[in-house]
Amino acid sequence: MTGFVDAFTVLAVGSGAIFFLAGTLGLLRFPDTLSRLHALSKADNLGLGLIVIGLLPHATSVSAGLKLACVWLLAQLSAATASQLIAGVARNRRPRA
Amino acid sequence: MSALANAPFYVTTSGGYLLVLAIILPAVAVLAMLLVPPRHVARIAFAVMAAGLAVALVIVAELVGTGMALAYVVGGWQPPLGLALRADGLSAAMLAMTAVVICATGLFARFHQCLEPETQDGRAATTFWPLLMAIWSALNAIFVGEDLFTLYVALELLTFAAVPLVCLDGRAETIAAALRYLMFALLGSLLYLLGAALLYGVFGALDIHSLSRLDGGAPAVTVALGLMIAGLLAKAALFPLHLWLPPAHAGAPAAASAVLSALVIKAPVFLILRLVLDVAPSSAGPLAGQIFIGQILIGQILAVLGASSILFCSVMAFRQQRLKLMIAYSTVAQIGYLFIVFPLAAGTETLPAWGTIAWTGGALQLVSHALAKAAMFMAAGAVAEAFGHDRISDLGGFGRILPISALAFGLAGLSLMGLPPSGGFIAKCLLLTAAVTGGHPWLAATILAGGLLAGGYVFRIVDRALATPAVELVARRPIPRRLEAVALVLALAAVGVGFVPLQPFGFLQLGRPAVSAMVAP
Amino acid sequence: MSSISNPATLFGLCGAALVGIGLFTVIVHPGLLRRIVGFNILGAGIFLIFGAVARRGAGAGFEGDPVPQAMVITGIVVAFSATALAVAMLQRLFDLTGRATLEPPAPEGRPGSET
Amino acid sequence: MNALLDVVLVAGLLALALHVARARDDQGAIVGFIAFGFLLGLGWVRLASIDVALTEAAIGGGVTGLLLLRVEAHTRDSSAPDRTARPITIAAAAVLCIAVTAGLAFVILNLPSPPPTQAPAAAAALDATGLENPVTAVLLAYRALDTLLEKVVLILALVGVWSLAPDHLWGGAPELRPAVVPEPLSYLARVLPPFGVLIAVYMFWVGADAPGGTFQAGTILAAMWLLVMLAGLRAAPDTRRVTLRLLLIVGPAVFLAVGFLGFAMAGGFLAYPAGAAKPIILGIEAALTLSIAVTLGMLVSGPSKRAPTS
Amino acid sequence: MPDFLTGAAVFILVVTGLGLFRVLRSQVAVERMMAVQLLGTGGAAVILLLGTATASDALTDVALLLMLLSAFSCAAFTLGQSSSATATERAEEKP
């Protein structure tokens, strides 16, 4: 049983880490602000989500698991609004720059 | 460690709660002032000033009565885990002096505010009071605090109260001066905190008693003390870190200048004194007989800086065109005297620092300068209020219109010059004697030269006051006598300090190990 | 001589370096805002040194000495108050004069400086 | 593996600090500083000071960032050109700073071993307080006087900030709302605060026994209040309003009142009666949390920008 | 297991750090604010991993706080942007 859970965690956390790498690569390679923003917020959030899922079986209590889920929920919320805010500013700025 | 595990050093004494009141009463006033309408703020201030003055006097009486230091262990938690407050003779003298100057400043500020009834409930007038009370609370905490971190918080409280006072009038120049002051003060407190961090790392305690008994780790202690003293010097405006002081003290409203120059600047000096005497490993430590080389070095450096302050800033004061700037430069010069005390009061095996005449001289200089400088700034405030400016060249004959202020200025000047009868005379006389007998001729020469220069800049003003100008000087508005009287009372008090006997003063040694006990191996 | 690989020592040294960087910014940088940020870096370095001391003092079932940890929390509060006051003063200075430095305005028309 | 993590963290911290010191424009420096605050939070986790990590993340990464970004936006077009220091000054400053760092490093490498610590004393006294978080015990029992003075410092800083208002606006309200509020911001200001309040209450509640406590909770509440004011959902209150003033001082006032009650009930100032220490401390903390939230919020908002309504 | 989790944390920290420096060196002001978003998410991931690796529950609270405040800082930043943009627009309209 533990072996199965551990394998699951390794898989989920590992692929989460890959998504973080992908987000950074996108940030380094993509040409313009908006696509960089897109790469970053999508990939990093997926990465965080996978890590949370991978860590859930290790939660010591229900409340600890709930808090983990809350972290991810907050990340969703913050990423969505933050990227919209940034995108909004970027659009306003573009004609000037 | 076994010595520490025995009977605790800090035991709450009978009047110990008074120390708590001295810190907390003004803090209560700050909170209350936020709640009441502006017109009642000054009333709270006066109620607390009366109570605080009484507390300070009772502390002094208690100390004289019992002949022992007052102590209070807060919440019953023994240091070094908990916090203690302690007042020895020097602390009690500081508490009393602070209470007197604060109360006088409060009266002066109130009389001054009454001149302009329309702004009496306005921003500057109302904000002044909580800031004054916070300064009082912070100063009392610095004088009786025994834990270096409590002292840090108190230093910051002092900064945050003093800086807004500087720019209370809201002009761009004063805000720039206040910002520069804030930068120096913050740098000073952070360096102090850094030193405290190192001391905690070495000793695992921050109360002064534990630190004074522990020895070892001397290089670390030197680094820590060096940082702390450097930080405090920036706050004390010793040459060459004095650049922020003249614009800040000269730009502040008169009552604020009096408090800043007389009291606020003394807090870091007092802390340096405690660090050098009590924390730096010295002859009083377990290694009796071996005087710590660092203490002598620190003393020499401080004395050189102090002497430079005296000479350079006295000359600068003489060259100023504006009265308040002149007084502010004079503050830096007079602070210099407090730093030449360090090599002079370096104790020996048989005579601890607090038994020397230089120690008494330094303490008297602290007190008499506070009284005299507050009086001078108030007199200058009255002059500026009467004529609408403080350009020295255009003040010819102001003594005819404001005789009381001119008299207060002259009497306060006696103390700065070191002429009898005045507290400054006794102080400088003791320092001079200590310098001559202790084999420091260059310090003796500095003291004499500083006195002459002070005579120069004080007589320049007195001469203006008595001059007969070509164009009759006309007061912009009449100045009530009571406003001038406050300055005169303080100046007279500075003169009165001059009547203490010319010898090591017993009160200042209260709460310190007895002189004779130190002879034992 | 304690080992550098010990996290307490490593972060302590990091704190020492931060103090240096913060101090340099505070002394050298002409802009007031940057100086205020420099003060915060300097403060962070000092707090890290406290943290290293606290970590070393682990014992009695605690992972660190709680006394310096509490001091850091108090210190952070005080540092924040200082930042807020400095920022408000800077903003007021800018509103009144249009500059954000303590340098006097450009030395134009100062008598005698032309020659 | 842990050592590698520490090295990466320290390298990141130093690089960010250098970026802050050398960035060309202030905005870049401030963003670097906010990132620095987040990373420092991680550092505190590695130093096993979770209480400090929470405080640092909340203050360094959050509220200080807003404070600095607002003033940067306000003063961006400052007219005076930045005069750089003379090379000799720079060289002298560099030598001084390197000397300080070297001195500190020397002391840190030579700290005594075994290290002196108050941890055993703090643990031994913990029973008397009924608390389980030793940091909370230090802040509110062993060294409560420091904490009390620190609260006065906060309030005094606010008095100082308020005193910077122009005379005719004194007593009025500060202004945080920008001319145009972007739509996502007002969405965020509606959705985030419930989360924030929940987390703050939780943080306060666990603070007695686990990392967290009054200051962290108060900071989160302040951040949420600021967000609401930024989005213009609620206007900032007049600084002379009595309710605001009451909230400001309720925490320190309760603290002081308990301190004085100690004279009568427990034999000394700020002493807690045996057995009842924990509920009393929780009461003080609740009041302090409110006061801290209001004080921090008003500190960030700055001096009043509108004339008082009367 | 703890070693794997810590290793993953180091990896994410390094990757996030790389992105951070790219963003901070950017000439475009807006891109810099991604730094906060980046470090908020990355930092939360690192802390969660460390918390599970060392079995300390309290670390989840730090991650929660970090996420909450990264959203907050981001809002603050964009606000500074838009307010100054509108301020200059207004200044241009005036004459």
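Think of it as A, B, C, D and E in the order they're written, each chain with its own count starting at 1.
Keep in mind that, in the parts below, a contact is a pair of C-beta atoms (placed from the backbone, for glycine too) under 8 Å apart; a residue touches a chain by one contact, two chains touch by 3 or more.
Listed by chain with UniProt protein names: A = Multisubunit sodium/proton antiporter, MrpG subunit; B = Multisubunit sodium/proton antiporter, MrpD subunit; C = Multisubunit sodium/proton antiporter, MrpC subunit; D = Multisubunit sodium/proton antiporter, MrpB subunit; E = Multisubunit sodium/proton antiporter, MrpF subunit.
All figures in this text were calculated on a predicted structure; none of them were measured in a lab.
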Compute the shortest path length in steps from chain A to chain C over the network of touching chains. 2
By Cα centroid distance, the chain farthest from chain B is A
Chain whose average C-alpha position is farthest from chain C's own: A
Between the Cα centroids of chain B and chain C the separation in whole angstrom comes to 27
Taking each chain's mean CA coordinate, chain C and chain D are separated, in whole Å, by 14
For the pair chain B and chain E, the C-alpha centroid-to-centroid distance in angstrom is 47
Averaging C-alpha coordinates per chain, one finds the centres of chain D and chain E separated by a number of Å equal to 19
Residue numbers of chain B (touch at least two other chains): 81, 149, 153, 156, 160, 163-164, 167, 170, 175, 194, 198, 201, 204
Which residues does chain C have that touch at least 2 chains other than itself? 19, 49, 52-53, 56-57, 65, 67, 71, 74, 78, 81-82, 85, 89-90, 92
Shared-contact residues (touching 2 or more other chains) in chain D: 2, 46, 70, 72, 100, 104, 108, 110-111, 115-118, 122, 142-143, 146, 150, 153, 156-157, 160, 164, 182, 185, 188, 192, 195
Listed by label, touching pairs are A-D, A-E, B-C, B-D, C-D, D-E
Using the touch rule from the top, collect the residues of chain D that touch chain E in their complex. 1-2, 4-5, 8-9, 12, 15, 19, 27-28, 31-32, 34-35, 38-39, 41-42, 45-46, 50, 53-54, 57-58, 61-62, 65-66, 69-70, 72-73, 76, 178-180, 182, 185, 188-189, 192, 195-196, 199, 202-203, 206, 210-212, 216, 220, 223, 226-227, 230
Show me the residue ranges of chain D that touch chain C in the complex, using the header's touch definition. 2-3, 6-7, 10, 13-14, 17-18, 20-21, 26, 29-30, 33, 36, 40, 43-44, 46-49, 51-52, 55-56, 59-60, 63-64, 67-68, 70-72, 74-75, 78-85, 89-90, 93-94, 96-98, 100-101, 104-105, 108-111, 113, 115-120, 122-124, 134-135, 137-139, 142-143, 146-147, 150, 153-154, 156-157, 160-161, 164, 215, 296, 299-300, 302-303
Please output the residues of chain C touching chain B within their complex, sorted ascending. 19, 26, 32, 35, 39, 42-43, 46, 49-50, 52-53, 56-57, 65, 67-68, 71, 74-75, 78, 81-82, 85-86, 89-90, 92-93, 96-97, 102
The residues of chain B that touch chain D in their complex are 12, 17, 20, 23-24, 27-28, 30-31, 34-35, 72-77, 80-83, 119, 122-124, 127, 130-131, 134, 137, 141, 147, 149-150, 153-154, 156-157, 160-161, 163-164, 167-168, 170, 175, 194, 198, 201-205, 216-217, 219-220, 223-224, 226-227
Residues of chain A defined as touching chain D within the complex: 70, 74, 77-78, 81, 84-85, 88-89
